[in-house]
Amino acid sequence: MDQYQHIKQKSYDANMQLPKLGLVLFTFGNVSAADRELGVFAIKPSGVPYDELSPDKMVIVDFDGKTVSGDHRPSSDTQTHAVLYKNWVNIGGIVHTHSTFATAWAQSQRCIPIFGTTHADHLTVDIPCAPPMHDDMVRGDYEYQTGFQIIDHFAELGLSYEEVEMVLVGNHAPFTWGKTAEKAVYNSAVLESVAHMAYLTEQINNNAPRLKDSLIKKHYERKHGPDSYYGQA
Amino acid sequence: MDQYQHIKQKSYDANMQLPKLGLVLFTFGNVSAADRELGVFAIKPSGVPYDELSPDKMVIVDFDGKTVSGDHRPSSDTQTHAVLYKNWVNIGGIVHTHSTFATAWAQSQRCIPIFGTTHADHLTVDIPCAPPMHDDMVRGDYEYQTGFQIIDHFAELGLSYEEVEMVLVGNHAPFTWGKTAEKAVYNSAVLESVAHMAYLTEQINNNAPRLKDSLIKKHYERKHGPDSYYGQA
Amino acid sequence: MDQYQHIKQKSYDANMQLPKLGLVLFTFGNVSAADRELGVFAIKPSGVPYDELSPDKMVIVDFDGKTVSGDHRPSSDTQTHAVLYKNWVNIGGIVHTHSTFATAWAQSQRCIPIFGTTHADHLTVDIPCAPPMHDDMVRGDYEYQTGFQIIDHFAELGLSYEEVEMVLVGNHAPFTWGKTAEKAVYNSAVLESVAHMAYLTEQINNNAPRLKDSLIKKHYERKHGPDSYYGQA
Amino acid sequence: MDQYQHIKQKSYDANMQLPKLGLVLFTFGNVSAADRELGVFAIKPSGVPYDELSPDKMVIVDFDGKTVSGDHRPSSDTQTHAVLYKNWVNIGGIVHTHSTFATAWAQSQRCIPIFGTTHADHLTVDIPCAPPMHDDMVRGDYEYQTGFQIIDHFAELGLSYEEVEMVLVGNHAPFTWGKTAEKAVYNSAVLESVAHMAYLTEQINNNAPRLKDSLIKKHYERKHGPDSYYGQA
């Protein structure tokens, strides 16, 4: 009996969604699923092709980034996941992809402006883009520092990780999270769609206005207010 | 025996077309089908994934937006559908999506110029884009007001909803309609294709001319004139 | 025994290739296949969905555009096909689509510049774009005149229809042809791919140079010269 | 017993990956697989559709470009492959495609700037674009000279073919290579993805900065340094 079976399965299932949703080429992505009581998460092993993945190949890692169980080396992004789990205590799943449009915005080092209700149905601020790391952070423990780069950027902007479940890391690519791995995958697909639409919006009208405050507020309340009634569409 | 079975089935079938045509991500869309004699329409329940939909899960709503029958909450866009059915009495089906290119034009707050015959084969004016609502309308019954925003914009432009079966709502996304739910879905796919081509046309030639009047008139007559002979291709 | 069976089958097979190659939405395209000895061609009926097409539904039309045999009305573009078959005597198949990128160039009223060898492997001039028709031609027999618009534009540019098997009709969409219907479909797919790449090329470098003469000449000779050796890739 | 069976199979398998990865239209691409001990490579025959390919149809060619075995004519790009195998002695596989985004950059005659970590995970310089050949080279043995055009450009830039396993040939299209045919195919897919993202990056921010040196160095060491630990994602 494997006490980690449930998160291995969740991580596996969520990883397998990524190619189906068109979010990854080959193995360029990873999903983890945490068990808060056990203080660990299951994450994809490094460099294993998606068609050779199975739940038992997932690696179990604690919130300090130490491997607890597993025959494979964990994903090279594991330290970033660990830092986020350790500091943001209500996260149950994290996804990292190099999905095309979100990554293009990250490479452009721009946050994604809120242009419409597709965006506002999920978050009511621009999608933040953390700046590339300082050179001394890069020279240090790179993936570990990536986690802090994200957390520091949220602190600087005064954003809540429970309200805003996605970020671009400048020059790099997106991370998303949520209460579950499944929700984190959903957020990755939403981000990619919003990133695609925002790109097109600026191409069609390079003075396209951001969504106006009253609509942002309405959408926020529709989702969070005392009379919230919103289930997507 | 369920007297609403026929429209539940139509609404279900039409909803299932949306992901096949690439018009929706997850559940970001909805189709309704009306029975004018019974004075009701069937619409997708809110937040139910497409792979869990079935005809019996559709919700029956009257033209004042009151739920008549059904175990689920109707789509959050139901009030918009109700307003359109109530005011435009020859509509039998309505579709709302956040399809990528049409939504990008809506976010750009621009109508889609008529650049060619693909467009003219379906409507002979620019595809209208209703402006974002005034703040007081937003604060009110938002989805209900969205319906009037569309109707008012058509009145202002002097457009017939029977000639022009599609609209962009600024900052939001497209709505399409037709005599049947099936036709409304067809119109959503046509709109997305026309929106894609118009975007590319402006990228390739930022002085691209609109279709000339004689061709617009020809296409209008081909479809509507006394000697109409047009069946698409 | 149906003496037209062979061209009905060819036309049917070629029509069914269009959605598989991503060149048509719904029924927005048509392919015809000619029998030069019988002096007729088989063409798709008007407005029949692809999943209801069958070889026996194809319509037989002569080179003056008169229906010879068939239970359905022929495609609304039939007169254009007839004019091309009558005037360009070595054509065995014709395709008309509204494929996305080729149609965008047609709507832009620009010919497609020859930017690379993908283009030069198939034709060694810019892909011509016939201007929109004069108003008096539009008012006349529109589809019939479309055929002459194409032929006149080729004459004006001094192009051979046997060397250049594709054209854009301004504000409208592409036509392609070839010795067989199969070759004409191949040309439609090549045109769409070349149109996509040329669009991207100008976006990446708005001073992108045309292919230089020595390379154009090389590619021409590779295909046509006394020592021709070229089979695509 | 066919002593070439193993490379015929590898070349066949790798060729069949190209349409699955969306890298070729029809037969517009080719893969070869070399056996260094036998001094030969297996390559796709010219002009054979992918659905008619089989391992036994592959053609065996030596590093001087002479056909050693096979019933078909080898791909028209065979001389380019031969030159690369002969001069770059650690290559085991080569791929040539006309994939959409990479070809657009080649037609633009621009190298692809290194904008992010997706790029840096695979190579730490801009993806080079060899200029179009001089007219006298074009007039000579074109495909043979294409090989030297690539090799000379690498020499000029001081690049190692073992570090940089891909190139654009100006006005033409990409070539990629690797220790195996499978790795060369992988590189073609990576190149297409990086080309797509770089295009979007410049569209979103036409002053997008290149990846900074510290990050380039980090990624280089992550892959190559004494403490390398990188397995993609």
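So that you can tell them apart, the chains are marked A, B, C and D in the order they are listed, and the count of residues begins at 1 in each.
By our rule, a contact is a pair of C-beta atoms (placed from the backbone, for glycine too) under 8 Å apart; a residue touches a chain by one contact, two chains touch by 3 or more.
The UniProt protein names, listed by chain, are A, B, C, D = L-ribulose-5-phosphate 4-epimerase.
Computed from a predicted model, the values in this text were never measured in an experiment.
Between chain B and chain C, the least number of touch steps comes to 1.
Under half of the residue numbers at the chain A-chain D interface are used by both copies of the sequence.
Using the mean of the Cα atoms as each chain's centre, the chain most removed from chain D is B. Measuring from the averaged C-alpha position of chain B to that of chain D gives a distance of 46 Å. As a whole-number value, the distance joining the C-alpha centres of chain A and chain B reads 33 Å.
In chain C, 203 are the positions where the chain touches two or more neighbouring chains simultaneously. Under the contact rule stated at the top, the pairs of chains that touch are A-B, A-D, B-C, C-D. Across the complex, chain A is touched by residues 25-30, 44, 46-47, 73, 75-77, 96, 98, 100-101, 103-110, 132-133, 135, 138-139, 142, 171-173, 199, 202-203 of chain B.
Touching chain C in their complex are the following residues of chain B: 115-118, 186, 189-190, 193, 196-198, 200-201, 203-205, 208-209, 211-212, 214-215, 218, 222, 229-233.
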